[in-house]
Structure formats: C-alpha cells, structure tokens
Amino acid sequence: MMSCLRSVAYLRVWIIMLSLSRNFCGMGGVTVAKEGCMFLEFAPAVGPRQYDWSKKKIIALSVVEVGTLLSLGPDESCEFTHDPFMGKSEAGKIMKVLKVGNLQDTGGYFFNLSVTDRIADVDESFSIPITKGEFSVMQSIFNFILPYLMGWHAYMDSTKLNESGHFKSGGPSIAKRPDLEWGR
Amino acid sequence: MMSCLRSVAYLRVWIIMLSLSRNFCGMGGVTVAKEGCMFLEFAPAVGPRQYDWSKKKIIALSVVEVGTLLSLGPDESCEFTHDPFMGKSEAGKIMKVLKVGNLQDTGGYFFNLSVTDRIADVDESFSIPITKGEFSVMQSIFNFILPYLMGWHAYMDSTKLNESGHFKSGGPSIAKRPDLEWGR
Amino acid sequence: MMSCLRSVAYLRVWIIMLSLSRNFCGMGGVTVAKEGCMFLEFAPAVGPRQYDWSKKKIIALSVVEVGTLLSLGPDESCEFTHDPFMGKSEAGKIMKVLKVGNLQDTGGYFFNLSVTDRIADVDESFSIPITKGEFSVMQSIFNFILPYLMGWHAYMDSTKLNESGHFKSGGPSIAKRPDLEWGR
Amino acid sequence: MMSCLRSVAYLRVWIIMLSLSRNFCGMGGVTVAKEGCMFLEFAPAVGPRQYDWSKKKIIALSVVEVGTLLSLGPDESCEFTHDPFMGKSEAGKIMKVLKVGNLQDTGGYFFNLSVTDRIADVDESFSIPITKGEFSVMQSIFNFILPYLMGWHAYMDSTKLNESGHFKSGGPSIAKRPDLEWGR
C-alpha cells in the first residue's frame, strides 16, 4: 500500500491480486482465472490530516492502464473512463474518469478522479498533486507488481528445479511440434 | 500469459521455460540444457470477439529477440525471419516473418506476422495494433522474464544461505586462481 | 550494504526494513506497521583508508526520498532537510541537510551531508563524489528495494498458490461490490 | 550464463556469487564477506563455431564496473584496467584492459579485451561485436543480478514474516536512537 496525504484529499494505492487455478495444461499447469488490478482510492479532507472515508471513491486500474501510467512521458497525460455497470441494465449510471498529467513547474503530476453517480445522486471529484519522487515510487511499484497481477510469478514458481535435479517444461508433446520452433 | 483482442485478430503472449539439469559444476551446480523462449500466437477474427484457433500461427522469439523488443526505441522497428526447419531437408518450406514498429499517431505499435507454408500451401498474415500501454506491459514482462528464460534464477536459488550460516560460491579451486581475479 | 571509500570520507548505504504485522484484513492479511527506510552513513577520513566511526553521521531517507534519487535526471539536484526531533520539545536542535547533484565533468554525482547539532555543539559536513557507475548501482538497489521497504513483497508472498490449487484474493465480499469494479 | 558466438571469438558471461556469513548483527544478521563479480570470458575462434578454450581469457568485473555498463549511454564508452596481482610482488606482470563502446552504424556495441601476460609472455586481444538486442539482454541481466552480487537478497530473505505474524527489524535498540531517525 502507498499513501499520499494532501491538504485537500488522500490517495491510497493498493491492489487486488489475481485469481489462480491449477487446471490448465499449457503454462506450467497454472491458469489465471482473473487478472488482478490496481486500486486508487481517494478520500476528501475534512480537517488537518483528517479524511472522510465514508465519502471515499475507488477506481480499479487494469493491467494495461497500469502499463500506460508506467510509460507516461514527462509531457504526456492520460485519461481512463470506467463504467462499473458496463453491459448491465444499470450501465451509464455510474461513470468514473481518472486523468493523470504533469504539473509544469515542479516536475510532479496531478491525479484527478471524477465520479458521477446517478443512483446515489452524487457528483464528486478529487484532485491530488503528486511529487516527482512519489510518482517515481509509484512507477517502481507498478513495474514490480505487473508480472504478479498477470500471474507470471505463479508460472515461474512452477519451474523451480525439482528434487531429481531435472526440469523439463512443456514435455515431449511440445518438443515434437516443429511449428512451435522450440525443438530447433 | 497476456492477450490483446482486436477486431481483426488475437495476439497471445506466453513462454516455454528453459530446460535445466544439475550435472554441471561451474554455475552453482546448475546448467541450462536449453534456453526458454517467448511465444507470440496469432489467430484471425471470424466475428465479434470470436477467433479461429484452428488457423492460429505461432512465432517463438529467442532471448536476444526479446531483448531487441525490450530496447526498441520510439522511432525504431525490427524484423525477425524464422525457418522452423532450418538445417533440415524441409528447410525453406515454412518461413515466418515478424515485423514490429511504431504507429506514428498514437504512440502505439504494430505487430505483423507473415507465414508462408509451402507444405500446407498456406499464406497467412496478421497485423495487430498494440497500444502504448500494452507495449509497456509487454516490456515490463520481457524485463521480468529474461533472467528466468536464461536460467539465472536457478543459479540464484542455489546461493541461498545454508543452515550452517555459511555460503561460499565456487569453492577453494576458484579462490586459488589469480587469473579469475576473485581472490583479490 | 554498499560502501564508497574516498580520501575525504566514507559513505555506507544500508536499510532498516519495514515492520509488519498480520492483523489487517484488506491486503492479504498483512499490514505495514512502519515503512522501512534507507540509511546513508558518513564517516570522516583520518588517514589512508582509515575512518573515524565515532564521528559518523546518519541520515535516514524515506521511501519518497529514495524515489526522488531514483528519478534524478542528469542535470538535476535535490535537497532533503531532516529534524530528528520534529514535533518534540528538542525540535530544531539537530538539523540534517542532504544535497545530491551531478558533477559536470565526469557524469558522476556529489553527496553532501551537513549536520548541525546544538545539543552536542557540533557542526559537521561531508562531501563525497560518487562515480556514474556507483550511482547506477545505487539506483539499481533503490529500484530493487523500494517494494520491500513498503511491504509489497509480504503481500505477494501471501498470494502464493495454495496446496488445493486455488487462490482467491479478497474473497466473496469483494466480488459482490460493483464500486470496486473487480467483478466486471 | 549468456553466450555470444562470433566468427572471430566467443564471449561468455557468468558470475561468481558473493560469499555470505551469519555473524553480523546490523543487516538482518547477515554480512557479506566478499562481494560477487561478473565474469566475461573470451575465447578465440579456430574454425566455424569452434573455439580454442585453452587460450581463453577472463576479466572479472566488480559491482561498480557492472553498474557502469548498466548506465552506458548510446554515445558513450568505458574502459576498465585490471592487474590481478595488484599489491603483490608480481604486480604489473599481467594487465587486462576491457573497452566497451558503441558501433556507430548498427546501434550495437563492441567488447575489446587485451591481455598482456609477461609471465607466460603472451599478448592476446579479442574484439567482439554485440548486437543491440544482446546488449539489452546483458543490461537486463546486470540489473537483475546486481542486488544479488551485493547480498541484498540475503537481507531481504531475513525479513520474511515469521510464524507468529510479527516482524520487527533492528529491534528496540534502534527504535530508541533518535539519530537514526527511524523512531520518528
């Protein structure tokens, strides 16, 4: 978890890890049932270092959105629009827009989240300035976490050297298929 | 595994891990019998979010080709030509060409795979646009996976601190060889 | 630990890891009681390769300060001011200022630490030149260590595939909350 | 291990890991008795894909030299001079010089090793061109390996969450020392 406290709001970064199961026979016997995601959680300030967590808003960034933030250049900005009910009857009733861009003077970044909730009849928006050092920490975490969110670590664990001292990935069926080119 | 679904085709990225054995006495007692590789698997679209997996084509990128993609600059492109039967009697009958370059307007990339198969008398080509965020995720995975594809992780595991609290790599034979410079 | 010996002074880089406990129920059952930090320890030279460790001074960089050094561009500098007694009655009695910037000619960096201690009535300052290669090693370590200082590794460990072959992070309460967007 | 085969010579990259012991009480009870290093091993070609390993020459790069290669910019070069007998009576009898720089046209790099051995009365030099993709793989490995060569992984392992669910690094003696700033 990473926290950025500001006079106007609080930004907390955390993740939900992926969901794995073991019934797949291609990638080391491990399959990803559902990729993980990165949560950005915003809460408004109600006083010095006091935040109203009952009014917090959350946006869940996908792996590709995390990759977009990871590759964000110093003069670039990006915007993600989410509809939590997309494809359901309540579609469009809640819209979340996250904008991230750089602050010209300081080398830092701003994180803006706008949430329009027509069910609860609430419009809320947060704008949090992030220092260059904080953004660097975020990018370091994003780079560390991405392979885990996608399950590559589980696959890696399945390739540890076994006790007999031999490990063979894929097995004979793969070695015999020239279209896979691995037998070269 | 990483998947990019497009209206024209599907691109799936996965790997075959390396093959290890334990009968080597230089690198922590572990040797790499065969390096792993990175698979790019393309399938053509036959309808909205429907793909014909019977027509899928696979190209297996070597460690150095993965390194080339990892270091691909924003204005650069690269091309890999593979012959799965290289050095065999069927040489030249199947040719695979992968081109990767950047899309001027969006900051994204294209992945083009052409497969000429004179055995099955099939010519197939795929062209998939990849967003900048997706390419960033790929590069993050490539950087994470490269040491594993080459077996460095197995060597690292062999250097865990043992229970007696001492670990000495290489042993006395190495310490006594001044040409290795390690005894300095 | 990393050491840079110079004719004028000694710089040693090490860390105190974070403090963890297991009584939290959001991030994989692990919470960070206190983040770790990165120590820069300076000792003055009293002769060739001899340093007076009784006069050593330490500055403890926070995660965000480490991130600032990690993202320091070739023409940039940064400065951190610390008061170890901040918020206590002795506030202001000890002030530590670390400045890091680049050396024009060599591509290297300088690390300056000034400590004003009104309790012991001592003013001490250190200035150590760091080569470009040493700074590159530091940045490699900083990038490696940051997720550990913040506890992300403990969270990752808690998501290892269990023996029944299934892992589900968060549990049903999370899947049923559309505002978390994970059920999409 | 990483191998680059060329028509003129062979370059093999491998490492000797560090030497650890457990009798230190600052960094998680682990100390580095001797840092690891990165070996570059050159052998001359004597025919197509045949190399004379009896004439191989090795240079052992220190952690900081590896860091220098890691941060080598596209228009930069570097040079390391080693004397395996430095400080001994045979000093100067064997000199090894490694030069690394970029090849203007291809974006690749050259690795030149010259060894002057007055004991065996041998002068040998190797020059191997490395592609941009290969150098990218090397840098990926260098970045992966650096923390291990310096022992940071052993320290990280010592901070795994213990079974009682609590971990406290440093202990009470550290928390009570305000000069360490960790009690803030």
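Here the chain labels run A, B, C and D in written order, and each chain numbers its own residues starting at 1.
Here, a residue touches a chain if its C-beta (ideal position, glycine included) is under 8 Å from a C-beta of that chain, and two chains touch if they have at least 3 such contacts.
Quick caveat, the model's predicted, so the values are computed rather than measured.
In the chain contact graph, what is the shortest path length, in steps, from subunit A to subunit D?
2
How would the subunit B/subunit D interface be labelled, same or different, where same requires over half of its residue numbers to be shared?
different
Using CA atom averages as chain centres, what separation in Å is found between subunit B and subunit C?
Inter-chain centre distance comes to 34 Å.
Hey, how far is the Cα centre of subunit A from the one of subunit C, in Å?
Using C-alpha averages as centres, the distance is 24 Å.
Can you tell me which residues of subunit D touch two or more of the remaining chains?
143
What's the contact topology between the chains, one of line, ring, star, complete, other?
Contact pattern: a closed ring, each chain touching exactly two others.
Every touching chain pair, please?
In this structure, the chains touch in these pairs: A-B, A-C, B-D, C-D.
Can you check the complex and tell me which residues of subunit D touch subunit B?
Residues 1-2, 14-23, 30, 34, 36-37, 39, 57-60, 82, 84-86, 94, 131-137, 140-141, 143-145, 148, 153-154, 157.
In their complex, what parts of subunit A are in touch with subunit B?
Interface residues on subunit A, with respect to subunit B: 26-28, 32, 63-68, 70-71, 142-143, 146-147, 150-152, 155-156, 159-161, 165-170, 174, 178-182, 184.
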